[in-house]
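Pasting the structures in now, so scroll down.
Each of the next two complexes has subunit A plus one more chain, namely subunit B in the first and subunit C in the second.
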Partner chain A sequence: MSTELETEKITPRVIHVIRQNSDKVFRGILIAGGLAAFVLLSGIFGFLATSAGPVLRAFGLSFFTGKTWYAGDGLLPSEGSIDPPTFGLAPMLWGSLLIAVIAVAIAIPMAIGIALAATYFLPKKIAFAFTVFVDLVAAIPSIVFGLWGFFVLMQHGALWAKWLNTHLGFIPFFKVEFEGFEQSPFMAGLVLAIMITPIIAAVSREIFASVPAELINGAQALGASRWTMIRNVVIPFSKSGITGGAMLGLGRALGETIAVFFVLQLFFDEINWIRILESTGGSVASLIVSRFGEAQPLEISALFGAGLALFLVTLAVNAVATAIVSSTNRAKK
Partner chain B sequence: MGSEELEFVANLDNAMETKDINVWFGERQVLANVNLEFQTNTVTALIGPSGCGKSTFIRTLNRMHELIPSAKLAGRVMLDDEDIYAAHVDPVDIRLKVGMVFQKPNPFPSMSIGDNVLAGLKLAKRKVEDADFILEDSLRKAGLWDEVKDRLKTSAGSLSGGQQQRLCIARSLVLKPQVLLMDEPCSALDPGSTRRIEETIKELRESVTIVIVTHNMQQALRVSDYTAFFLSEEGHPGHVVEYGLTNDIFHEPKDQRTDDYVHGRFG
Partner chain C sequence: MPKRLLTALAVAALALTTFFAGPAFAVTSLKGTGSSFAYKFITECSTKQSEYNVTYISQGSGTGRTAFGASTVDFGASDAASSITTGRTYRYIPVVGGPIAIMYNIPGIANTKLQLDASTLAKILSGKITKWNDAAIKKLQIAAIKAKLPNKSIRVVYRSASSGTSENLTDYLRQNVPSIWTKAKNGTIASGNPAGRMPAGAIGAATSQALVTSVKNTNYTLGYADLSDSVDSSGKAKVTVAKLKNANGEYIAPSSAAAGKFLQEFYGRANFNSATGAVTLDFTKVIAGAYQASLLTYAIADRNATSAKAEAVEGFVKYLLNTCGPDHGRDLGYAPIGGQLKVKALELADAIHTTN
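The block that comes next holds the complex of A and B.
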């Protein structure tokens, strides 16, 4: 009886931890850093949203879904416009996504190939030189890629595109409505692919190098050849990491401006959904750079709106990427 | 002529035999003139202080050694009266005939329990018709079937350390090896799991020749028929001090150093 009473009196103990000063400082720095990033992001968002205000108020949702971009006399109807402007971003928004996806689709196999070669196939010294070379590609300014794309790649690329169209034209992606083949989403995707391959390759290389030796040993002890080991052990282990790398690349591709500006023909009034070989495409960043110089105040506001849209899309891509990476990580456990 | 024939007859019972194995890492020699015979369907324990070359030696038996860039080797390893290092021999084939279980359980994390067991078939590109039978048979031999038969599709990461190690044993049995190498298979496990694996080893001995490295003297006594004592004395490469029936090595060692080691007086 008395023991029962005693057990009733016991309450969970509150455990106090006295944090060390160095701990406190470290925590403080981390929190401050996190807050700073958050404030910065919110600040950018606020700035873009305010600057885009006039256009968003005038056009509402049709700013994102409309297909026509016409500066007119730069006045709103309420201001007595006689040549009223319309600003619809849809072809550019879709175009940005399309070329970024093309770029990533081309870059992933290249990057994985490069990383596998450097990790598993090339002799150490050659692998090192190769790695340095690929990393250097990442350091080339994007304007150089734009010029190279325009003056060099485009001639060859147009031939490849024509070949794809002739032989695989039955696939909707490779159909064209009018032949041009230059300055197409495919071409822009190709240039972007070369620009983002080093990033994805670097991430993949790190991941491959982190595959535990005991897994590799285990596979080899079971009579695996290098290829079967890579396919069945290395790639499954590395999937989520490579996905993360690809998303980094996608983010970079979405935002890339000047290189795309040279190799893509911007086209309004119709959305080019999937005909990637046609010279009609879209890119929000290219739109901004091509219109900014001669824009009236209202169009400037529209360009800020375009920036805002790109900012949100990039945030969304990153959120999706984080979700993918953490869900595949969880599946592993 | 006559003596050659005699040697051949004497070799019939040997699943595997090493002849003057010497090993270097770079310029440094770590093993000298190791001559051992592993008789069919017996368990041989390799004992000795850390760093004397037991792991290195066992890895020469299935050609895992040569995967380390600086590793060099001299001597021969005879399997079915053929040198596994002969020019025409594919190392991959040797690893199929000579399986290996490692110190740390290493199931493939991205595969289910069932897929882990059958991973060897996939990795070695072997086609089989009775995969289900092989799966059950291997898990039974490894003493794991009853514990996992209802969750073959779940991830191998959900098993305990001891279960993972038995999974790895099952995985190597799928390829029907003639010889199974085990490098301190219980050193990361609790006593209960260790017992289970020792029982498994005793049962496996019916069908496969086992070579096991262990730091646990009691374990060597419990599971092995033969014992080889390795030692690397200061500045010298590791070598075999004494080799014989486990009982003799533990109870009537010929060499003082063996006596000291098995009685815990050094190492």
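The block that comes next holds the complex of A and C.
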């Protein structure tokens, strides 16, 4: 209203920003916060890279492509080693990706089901309680999932895996060449799936809630049943949002350490490409847990290298996730 | 104003009393980290006395060595005496030992009734023997047990995280049966396995607690852990353990006493390095009544340091050797350091702190 009075003057309006002290402080805090995240990340990157230096120099690219992780006597051949170590991360890197993909593949249907139920099918009050309950799962410490996986899920999961193997063993994924179903990528994927479902469900719920009401009303006006409406309006609208949520879950699954370590048998010299039911696996984070405690200085450097590789992969996954989520948001506007 | 003065006086008085109370009443805080094998022992010992307030975190021997080297702790604990890159002058001091129990779960075969030797154990762990009723296992049993061995696959449960226990067990196998256990000792048995992998159906347990529980709950399993992890707080066995044949030809059950008998023999020049404190265990040595698959833990401590912390570390290490080990070690499944080795260890402990 007051602007109408001001526009009576002919000179164009000049906006003077006089920042209050509180504004300045707030601005400062925000900038510092944003920068701190960046500085911290680069700091971690720098630390990992420097610590991994000796091993990366000695092994070069074969550190990422080598198939054997063997600590030997902890000396380099140039230092007069009689039992030289080899550090190859490939089985672990591949294992991490495989497990994370399995986890996401299992988690997505669960998460979408949960989100749809909470948004469209359950009465409001029950939906709220349901949502709180699912979100609580995200707060359970991962060691609890690890112990539960080891003592409870493993016994049952091994039976399901055996069933899959007996009846669908002709599919290469379900083949088992090395007896033992307990600590397979599948088992680790199951545990991880439960851990990341709340994240994907939360993202999906937000997306479903943001589907424009006119689209839903329009579909219903055309005589669509609730299910047809969901299939033809809600899901297509939310597709890329759900993908973003899944990518966030993937990032979480990649970095998960202790829960996976409990339910996965690590193989230090073999890549298990696709036989997901077999007790043969790899995981970068679990490798670090399994070897760090007693490691000699050279292997510690190698483990930092493993951390570096995981850091980069996770960063890449998160970057893709952010890009997808933000492009969805733009599309909606 | 007078009130404030009064407060100041009170504070000053309090400070003075503390100052003059002398070391006899002062509680020194000590920070240590390292060996998970020694964790129960060191934490129990820190609660059994009130002179030192010891915080011990079990992060593994390698971490213990690194943390000591980086001076982030007052003392470290390690199951292996390898050199540390550090500016500190340090020594390894053996403080406690213990047997590695081979545990099994076969319905109908009671505690310590199963008998094994290094050769069969190596074959089981590398997948060369896969059935409980294998002739090689049968051969070692008394008649009553022979008949009870089932025609079932052996499920090996192993420590998947690196540990001094795995390292010493693989060393024991390597020294005793090098033709079967063809790989060098390794803190992670899956990585140091001559077969390149654990036997089919093996289960990796992340912690020794998980391992013991898993063996206890699963039929036809075989696993290994420190005896201290296989007894509950009252010293009662949680799981059945096997007898192991020693170099003297006797089948010995894992016990503090039998492990102590083995460990205390390594004080001579050939096995004990008085310059570093490192003990080289000869797992093939013939000792009557000894349980050979045993390991020991060292404290890593300063040498001739003048600080008050060093004085406290010296006091605490001596307490471990003289009092806590003999009084409480056995109940927890540990073997106190005894005999001549204890004399050597105390000599080393004596030189942690110096007044000049």
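Rule of thumb we're sticking to: the second predicted complex is superposed on the first by the 287 of 333 C-alpha atoms of A that agree within 3 Å, B and C clash if a C-alpha of one lies under 4 Å from a C-alpha of the other, contacts with A are read in each partner's own complex, and residues count from 1 in each chain.
Here is the rule we go by: a contact is a pair of C-beta atoms (placed from the backbone, for glycine too) under 8 Å apart; a residue touches a chain by one contact, two chains touch by 3 or more.
Computed from a predicted model, the values in this text were never measured in an experiment.
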item: Broader residue contact with subunit A after superposition on the shared chain, subunit B or subunit C; value: C
item: Which superposed partner A:Y70 touches (first subunit B, second subunit C, both, neither); value: second
item: Touching partner for A:E179 - first (subunit B), second (subunit C), both, neither; value: second
item: Contacts of A:I300 with subunit B and subunit C, given as first, second, both or neither; value: second
item: Doubly contacted residues of subunit A, that is, touched by subunit B and again by subunit C; value: none
item: For the subunit A and subunit C complex, residues of the former touching the latter; value: 69-74, 83, 146-147, 150-151, 154, 178-180, 182-183, 258, 261-262, 264-270, 279-280, 289-297, 300
item: Subunit C to subunit A touching residues, read off their complex; value: 36, 59-63, 66, 79-80, 82, 85, 160-164, 167, 184, 186-188, 190-191, 196-198, 200-206, 210, 213-214, 217
item: Touching residues on subunit A, where the partner in the complex is subunit B; value: 124, 212, 214-215, 217-225, 228-229, 232-233, 236-237, 239, 332-333
item: Contact footprint of subunit A on subunit B as seen in their complex; value: 62, 64, 67, 69, 92-93, 95-96, 99-100, 102, 104, 106-111, 119-120, 122-125, 155, 157, 168, 171-172, 175
